[in-house]
Each structure stands twice: as structure tokens, then as C-alpha cells.
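Look for subunit A in each of the two complexes below; its partner is subunit B in the first and subunit C in the second.
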Partner chain A sequence: MIKSSWTKWIGLIIGVLLIIVFMWASVILGLTKISTQMVFDSFYQFDGSNEHIIIQDTRIPRALIAGAVGASLAIAGAIMQGLTNNPLASPSVFGVNAGASFLVVVGISFFGITSLGTLKWLAFLGALITVVIVYVLGSLGRDGITPIKLTLAGAAIAALFSSLTQGVLTLNEQALDQVLFWLAGSVQGRELELLTSVFPYFLTGWLCAIIIGRQMNVLSMGDDVAKGLGQRTLLVRIFGAVLVILLAGGAVAVAGPIGFIGIVIPHIARWLVGIDYRWIIPYSGVLGALLLLFADIGARYIIMPSEVPVGVMTAFIGTPFFIYIARRGINE
Partner chain B sequence: MEEMDAISTNSLTLGYGEAKIIEELDLAIPKGEITVFIGSNGCGKSTLLRSLARLLKPQKGSIVLDGNEIAHMPTKKIARNLAILPQSPTAPEGLTVLQLVKQGRYPYQNWLQQWSNEDENAVISALQATGMSELAERKVDSLSGGQRQRAWIAMTLAQDTDIILLDEPTTYLDMTHQIDILDLLYDLNQTEHRTIVMVLHDLNLACRYADHIVAIQDKQIYKQGEPDEIITPELVHAVFGLRCQVTCDPICGTPLCVPFSKGRHLKGVNHGKSLVR
Partner chain C sequence: MSKYIPVRLGKISFLLEKRSLVLFVSLFVLMAILIVISLGLGQMKISPLNVVRSILGIGTEMEQLVVLSFRMPRILMAAIAGIGLALSGAILQGIIRNPLASPDIIGITGGAAFTTVGFLAWFSDRSNTLTVSISWLPLASLSGAIIMGLLVYFLAWNKQGITPIRLVLIGVGLSATVQALTTMTMLLGPIFTASRANIWITGSVNGTNWSEVVTVIPWMMVSILILFIFTRRLNIQELGEELATNAGGLVQKDRFVLLLLSTALAGGAVAFAGGIGFVGLMAPHMARKLVGSAFGVLLPVSGLIGGIIVLLADLIARTAFAPLEVPAGVLTSAIGAPYFIYLLYQSGKK
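Right, the complex of A and B next:
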């Protein structure tokens, strides 16, 4: 674990530099060979060649999207784990991704919506609906909100929305092709506009998440202690939930439901910097971006010349880790 | 009279929906003294304590802290006057004692003012008062039960409040550590004149440490006052449903409640089996 605060700053700076390296790798690596020179040329002397088009329309959007989505999912996971005091909480486990995807799929297949702006709002709405349902279900009963009830509610809602999504897709096979690759989670073949339209929400989410780190530290000592210290815990919870909706909903709108980043990364961040959310959140962001960039680069090489959906890659990386956490949680 | 009370309640009613736990209760907690709530399990003493610390909203009635109704006070301002240590709180895994105690300064911080010298001093003196300075860098979950409770008390001390409420601060502690914690609280009351209000299960320890005992029974105060005056076999029977003799604590001279029970070596045939049950 990194102890002193200046080494934590250095770690963070190294992380950000690594993101730049990974993004550069994401632009030049893949089926079409790209050189660094070509990347610069594509900006300054664009000649309409295949490579230049690939760089500008595919590789660069893809690198930026992977970084932004990875950071957002990881931060959303860190916030959820902090707010619910639950190591298994994450946008995918609690059904937020599934809820957002469901509304997007309904929008595409029943209403033929293709406008990115509208789909983005559907994803936010789906995330909002899920958060509200899971919160209400998890807090029913006299003992109020408990980690176990929340997890059960989340798992149930995740399963519900996933089956509903599948139901919609079987009813409407035309939409299937359009939606299927997106549903597996992918940062490939997305236009940059999609990211730019969601980016303001991501940025707001990231900055606010860093600001509420201190509040989450207080809340993590339990509701009674936090209230006793004068924290308005409900306000903190609602604020945190709004951030989760922005970050996870936005991520789904851009890249589909990508699992495992939200659950795995906050644990790695905690392992690196300890239990202070003022550090866990920025570290989660940086590590999440790195993981998704890495997974997306890997996805190009596994079954070349085809590509694996990046959601499958993160699942490959994440599943063993998920089992490890679950086992540790149960043994305690 | 008003300024003699640290906290008071006016026809306070607490409960969940139709189920009332405390009804129309008027209570005055004397300033600078140790007040102990006693009563059987589920009588509402913890609920009452929680409501005094605004962790539970009253259904009816009001709670007054230093002349102000707490329902109308900003919660951070309350936290600068009154600290609460809930029953068996849990620190997040990996939290150090120092990090825990620092959280006690939360009510004094805002977006601009993050950490001042005053905060630093309050934390240092809280660690000293509880004898936790040496253990400041240790993880809370690696401490023994008694040390852990000291760490939590240090956090409430760092809050620098006149009033400290504690919900069963000695639960799950062995006898040595129960005495240790209660002695610590007694010292804080004596040297710093902090008002201490706590729920205790052990009636005899309550008698030793309390200036003022509040016995709660059937949603109301059964009786309150100095232990010497109010602790009688009748009160113990009415409040706990237990038959006992009350004698004098050989060490403190306070009332000592000795219950009748079954056992291998019953003395005192004159009390007969009818009382033994």
C-alpha cells in the first residue's frame, strides 16, 4: 500500500502518463498497421488515405471512449461500494447497466430511435429507474437499508432487466443486429460525437466524485456515526446516486453494458491507496481507464482479424477477481 | 432552572408507526453530571438516547438542547454541542486509530476550511485523554475490544462537545475493560465537566458511576434521581421484573443489587422458595 500522500500524487501522475501511453498504443496497434508519423500526418496533412481515415474515424474515438468509459464505470463502482458499504456493489451487479441497456434497446427496437441524444437520455433514465427500484426494495422493512437486501434487490433487478432485454430482442429480430454487438459492451465502431455528447456529464461526475470523497469517508463509518457527526447522510446518498446515474448511464449510452470494471477496479485502488475515498476515487478513475484501454487493445488480437467485444475481455479479466472478492467477503 | 439542563424533552413520543416505544415523556438531563438510563431489554432506553442525538425523529414532542429545539438546529451545530457513540460501531476495515479520531472534527470543517491547528490539537488531546497516543497508527480492527472502544471514545472527544451520549459503551467487553471504560468516562466528567448520558445494562455499575439514574418502564420514566434514593427492591422488580435484595456496595458504598436465583448454595432460608421461583 502507498502510504505517504506525495507518493500517492506521484502514483496518480504516473497513472495519467500511462493512460496517454495506452491511448497512443490503442491508436497504432491493430489489424491495420499505423505508425506514429501517420498519426501526426492525419492531423496536419490529411490525405484521405485508408490509414488516415481509420486513425481519425476509428482509432482515436475508440481510444478516447475506452478511457472515458473505463474511468466512469470504475468511479461509479467506487461510489456505489462506498455508499452501500458493500464490496460487491457495482453498476453491473446492481443492475444499473442492465436497466440503462434495457431502455436503450426498447428505444431502438420499438421506437426506432437512432438519435444519439435521445438514446443518451434513455440510458440515464434507465439507470435512474434502476437505482430508485433497488434503493426502495433494499430499504423495505424496519431495519432499513442493509447491504444484503441491497445486493439481493440489485441482483434481482439486473436479472429482470436482462431477461426483458432478451425478450424485446426476440420479438424484434430486425433490431437484433444493430443492438447485439453494442449489448456485449464495445468501444469499437462508435462515433466521437457519442462521446462528446456525454462527455460533459462524465466530467461533472468525475469532479463531483472527487469532491464527495471526504463525505464518503464519514459515511463509511456507518449511518449513526455519520449522522452523529452532523452529516446529512440522505443528501450525500442522493448526491452519490445522481453521480452513479450520470457515470454508469453515460457509459452504457456510449459503450453498452461493460461489466466487471466497476467492481474490480475500486478494490485494486483500495489495495493501492487504502481506505480514503479522496484517493480511492481518482485512482479508480485512472485504473479504470487503463483497464478498459488494455482490454480493448487485447480484444483486437485474440481472434484476429475479428474482434472480441470488450465486455467479454473485461469479463475474462474480472471473473477470477470477482470470485476472489466474493469468497473473501463470505469468509469474514 | 433552564440553564441547569443540558438536554430536556417535552412530552416526547417515539415509535414506529402505531407502535409506540416512548410516550409523552418529560425528561431533564442535568448539566455536568453523569446520567444513566436503565431498564429491561427493549424498554426504549436506547431509542430514547438515539432520539436525544437526533438519530431518530420524534413522532411528537420536542427535544431542547441549550435552549434551542434540536429539530430547528443545523445538524452540524448540534454535532458541535453533542456527540453520540452508537452501540458497537464498526470502523471500515483498515482504518487507523488516528484516521478514526480525525473524523471527530467533521462538524468543524467545511469546503474551505479543511484542517486547522485547532483540529490538530483536539485530536492530540483526545488521543492523550484516552491513552491512545501510542496506538494512533494501529488499525482499529487489530485492537482489542477495550482499546477499540477507547478509540471510538477518542473520536467523540475530538468532537469537543459539552455533552457525550453513549449507547451501552461496555457491551461485549470483559469486566476489566468495562471498569476501564467507565473509569475513563468518570474522569472525563470530573476533570472536564462534560455531561455524560449513557445506557448501561449493569445496574450495579450504573449505581457506582451515575449521579442521576433514569429508570424507564412501560414507555415512561418509572422513577429518576440519585441511585441511593431510588434503587430499591421494589424498583428493580417493577423495572426489570427481578426479585432482589439491595445492599451496600462494599467498595463504593452505592446500592448493590443482589438478585434471587436458583443455585447450588442458596443461603437465607427465611426468604423461602416462594420468592426464589
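Right, the complex of A and C next:
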């Protein structure tokens, strides 16, 4: 664990530098080999060659999207774990991804919506609905919110939305073809406008998450302590939930439901910098971006020349972690 | 007059509450009526009386053909699948001691889905025809369910045995993993396989034939019989770890057997009917509201309710949108899930 504050700053800077290295790798690696020189040329002397088009239209958007989505999912996971005191909380386990994707699939297949602007709002709405239902279901009963109740409620809602999504798709085979790759979670073949239209929300989410780090530190000591220290816990929770909706909903709108990042990364961040959320959140963001970039590069090589959806890659990487965390146990 | 009738059969003994008995019988009758109605509805309408005649073998030849050869297998399969899923859910809710547990959530259905989709994708040639007989498909689904059940069990196991919470967490995690694998397999295969697989995942009893029904019945009967013997152990499980141990239960061993039973029941159901969602979650919950939580009555009542739910879903799925055929699973999720959330909300407010 990194103790002193200046080494934490150095760690963060190294992380950001690594993101740049990974993004560079993401641009030059793949089926079409690309040299660094070509990348510069495509900016300054664009000549319309295949390589230049690939760089501009595919590789660069892809690298940027992977970074932004990875960071957002990881931060959303960190916030959820902090707010619920549940080490397994994450957008995928609690059904937020599934809820957002359900509404997007309904929009595409029933109403033929293709405009990015509308789909984005559908994703936000889906995330909002899920968060509310899971929270209400998880807090029912005399003993209030317990980790196991919340996890089960989340899993039940995730199962609900994914079976509804499948139901919608059985009715519309054409839509199935269209959304299947998106549904597996992928950052490939997305246009840059998709990212630019949600980026303001991402940015707001990241910054606000860092700001509420202090409140989350207090909250993670338990409700009673937090209330005793004069915190309005409900307000913090609602604010946190809004951030989760922005980050996870936005991520789904851009890349489809990508699992396991939100659950694994905050644990690695905690292992690196301890229990202070003011550090956990930025570290989660950086590490999340790195993981998704890495997974996306890996996804190109496993079954070359076709590609594995990056959501499958993160599932492969994340499962052992998940099992480890679950086995170590959480407080009932 | 006592409210209970004691039943003793050698080592097995239980109390039968009269009210529950009445309920059980009425649900059974309801299910039978539903089967008869369902047999009569469809493209060719047959009156309930003629349906009964056909079953007894004294109807017209045409009606007998439609009722016995075309509709009967799928309707029986719907009922059997519903019973299997509901029982499986009831067992899991007993072991995990939480009304939100079900075979879909801890990944048993997901495991079956993966092997099914894998089977469809890997044994298809370029022209989308299967290279092996389709009758192997249920075996693929069943083995997926059982492997998944065992995997969840062993990963949740440590020196002290398994705890309910670890079972849930590992199940939730693994089901997300197999879901990713399933989607990947669907993606890599041709779109024809994908849409077929998607219908399986959603759950449908369309196109069931008699030989499938004959295969699944013994499997279910044996599982239900063993479950009947283990009912008392399930009651003990619900007391929780310490009390159950004090009550003299072999907690860990029972848990394993019960989990295996639950997997076998769900696996048998999804093998033929696909991943019909939310029955395993909903039916036991409704049963609990009706008869309370003693498993002696809870199990049969949830089984019947599960059967009724899937029968109804299938009936609506194949008649309401005719000539379009909707998978029954779409309806169980679309109608069942909001209702279930409402139920939970109601019961939680108390």
C-alpha cells in the first residue's frame, strides 16, 4: 500500500502516462499494422489511404472510448461500493447495465430509434429506473439495507432486464443482428460523436465523484456514525446515485453493457491506496481506463482476424477476481 | 376436530394441515381445468367437452389428432417445466434463506444456456444444419446446468463448508461470466443459430414431442421423490446454520444434496423448455403467501403454482398474438416480473 501523499500523486501521474502509452498501443496494434509515423501523418498530411482512414475513423475513436468508458465504469463501481458498504456492488452486478441496455434495445427494435441523442437519454432513464428499484427492494424489511439483500435485489433486477431484452429480441430478429455485438459490450466500430455527446456527463461524473470523496469516507464508517457526525446521509446517497446513473448509463450508451470493471478496479485501487475515497476514486478512474484499453487490445488478438467483444474479455479477466472477493466474504 | 392430519410412512412423517390440503386439491383441479382449456384453444377450437372426449379416446379422429398428438406434449411440457423450476426455486430459497434466490440468479439456467448455445453453434455446418441429432440438445443443456451447479458449489466451498451468502455471490458472478460466454458464442456463430439460441434462452415449449415428454417425466419423478424424503431437512435448513446444527441436521451434507436436487429439477426443466424466467422466483413466493413456509406444503403448492404460471404463459403466448408465436418466457418475464416486484414491495412494507 502506498502511504505518503506525494507518492500517491506520483502513482497517479504514472497511471496517466500509462494511459497515454496504452492509447498509443491501441492505435498502432491490430490486424492492420500501423507505425507511429503514420499516426502523425494522418493528422498533418492526411492522404486518404486505408491506413489513415483506419487511424482516424476506427483506432483513435476506439482508444478514446475505451479509456473514457473504462474510467466511468470503475468510478461508478467505486461510488456504489462506498455508498452501499458492499464490496460486490457494481453497475453490472446491480443490474444498472442491464436496465440501461434494455431501454436502449426497446428503443432500437420497437421504435426504430437510431439517433445517438435519444438513445443516450434512454440509457440514462434505464439506469435511473434500475437504481431506484434495486435500492427500494434492497432496503425493504425490518433490518434495512444489508449487503446480501441488495446484491440479490440487484441480481434479480439484472436477470429481469436481461430476460426482457432477450424477449424483445426474439420478436425482432433483425434487431438481434443489429444489437448483438453491442449487447456483448464493445468499443469497436463506434463513432467519435457517440463519445463527444456523452463526454460532458462523464466529465461531470468524474469531477463530482472526486468532490464527494470526503462524504463517502464518512459514510463508509456506517450510517450511525455518519449521522452522528452531522452528515445528511440521504442527500449524499442520492447525489452518489445520480453520479452512478450518469457514468454507468453513459457508458452503456456508448459501449453496451461491459461487466466486471466496476467491481474489480475499486478493489485494486483500495489495495493500492487504502480506504480513503478521495484517492480511491481517481485511482479507480485511471486503472479502469487502463484495464479496458488493455482488454480491448487483447480482444483483437484472441481469434484474429475477427474480434472478441471486449465485454467477454473483461468477464474473463474479472471472474477470478470476483470469485476471490466473494470467497473472502462480506459482512452479512 | 383437529386442524391437522398426521401422516406416517415409516421414516417419513409429516402433518397435513386441512386448509393446505384443500388448497392443494383446488390448485390441482385448477391446473387440470387449465390444461383442458389450453388443449381446446388454438387455430382449431375444440370445446372442453370434446377435449375430454378426445383424451378418453372417444372423440373424432381429427380432434384426437390435434389434442393428443399436437397440443398435449407441449402443454404437458409447460406444466412439467413450471413444476420443475418452481420446486428448484423453492429449494434454493430454503437453502439461501432469502426469497430472491432462484435458479436463474445463481446461474444454473445460465450454465444450461451456454452449453445449449454452444451445442447449436459448434455442431452446425456451413448450411446451418446440425451435424448431430437434435435429440442430444437436452443432454447438452442438462449437463450445462449440472456442471454450473457443481462449480458454484465447489467455488463457494471452504474448510467450514458453504455458506448461503457465498453461494449467492459466486452464483451471481459466474452467471455473469457464462452470460458473456453465451453472447460470444452467439456472435461467432451464424445469425440463424443466434436467433434460435435466443428463443431457447427466452424459453419456449413450442414443438415439443411425446418422446421428449416421456424422457423428462422419469427424471422429474425421481428428483421429486428424493425431494419428498428431504423435505424435513429443508425445513431444518431454513433455521440457519447454528440452529440447524443444534437440531441435529447434517447441515453441509444436506445442503449439497439439496443443491444437487435443485439443479436437477431446474436442469430437467430448462433442457426441454429453455430458460423460462422468473417462475423459480415467483412461484415459491406466491406459495409462501398462501400456505406459509413449512416445506411439507410449500413445495407441492409452489410446484402447482409454477405449473399453472407456465401453462398460462404458454396459452397466452400461442393464442393472443396468433399467427405470431411468442416464446412463453417473454410472458413470464414481462408479466411476472413487475408483479413480483409489487409483491416484494408489499411484503416488505409490513
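Miscellaneous remarks
Basically, the second predicted complex is superposed on the first by the 329 of 332 C-alpha atoms of A that agree within 3 Å, B and C clash if a C-alpha of one lies under 4 Å from a C-alpha of the other, contacts with A are read in each partner's own complex, and residues count from 1 in each chain.
The rule is short, and it goes like this: a residue touches a chain if its C-beta (ideal position, glycine included) is under 8 Å from a C-beta of that chain, and two chains touch if they have at least 3 such contacts.
Bear in mind the structure is a predicted one, so any value in this text is a computation, not a measurement.
With both complexes brought onto subunit A, simultaneous placement of subunit B and subunit C is permitted, the two fitting side by side without a clash.
Contact with subunit C, but none with subunit B, is seen for A:A159 once the two complexes are overlaid on the shared chain. Touch criterion not met for A:L29: it reaches neither subunit B nor subunit C.
In the overlay built on the shared chain, the residue A:N217 is in contact with subunit B alone; subunit C does not reach it. The partner of subunit A that touches more of its residues, comparing subunit B with subunit C, is C. Applying the stated contact rule after C-alpha superposition, one finds that A:I275 touches subunit B and leaves subunit C untouched. Residue contacts after overlaying the shared chain place A:G228 against subunit B, while subunit C stays out of touching range. By the touch criterion defined above, A:L125 lies against neither subunit B nor subunit C after alignment on the C-alpha atoms of chain A.
Once you line the two complexes up on chain A, you'll see the smallest CA to CA distance from subunit B to subunit C is 10 Å. Every residue of subunit B that touches subunit A in the complex is listed here, in rising order: 16, 50, 53-55, 74-80, 83-86, 89-95, 99-100, 103-104, 106-107, 159. Interface of subunit A with subunit B (complex): residues 85, 142, 217-218, 220-222, 224-225, 227-232, 270, 274-276. The part of subunit A that touches subunit C in the complex is made up of residues 88, 92-93, 133, 136-137, 140-141, 148-149, 151-153, 155-156, 159-160, 162-164, 166-167, 169-171, 173, 176-177, 180-181, 183-185, 259-260, 303, 306, 308-309, 311-312, 315-316, 318-319, 322-323, 326-327, 329-330, 332. Subunit C contributes residues 98, 100-102, 104-105, 155-156, 158, 163-166, 168-170, 172-177, 179-181, 183-184, 186-188, 191, 194-195, 198-199, 201-202, 275, 277-278, 281, 324, 326-327, 329-330, 333-334, 337, 341, 344-345, 347-349 to its touches with subunit A in the complex.
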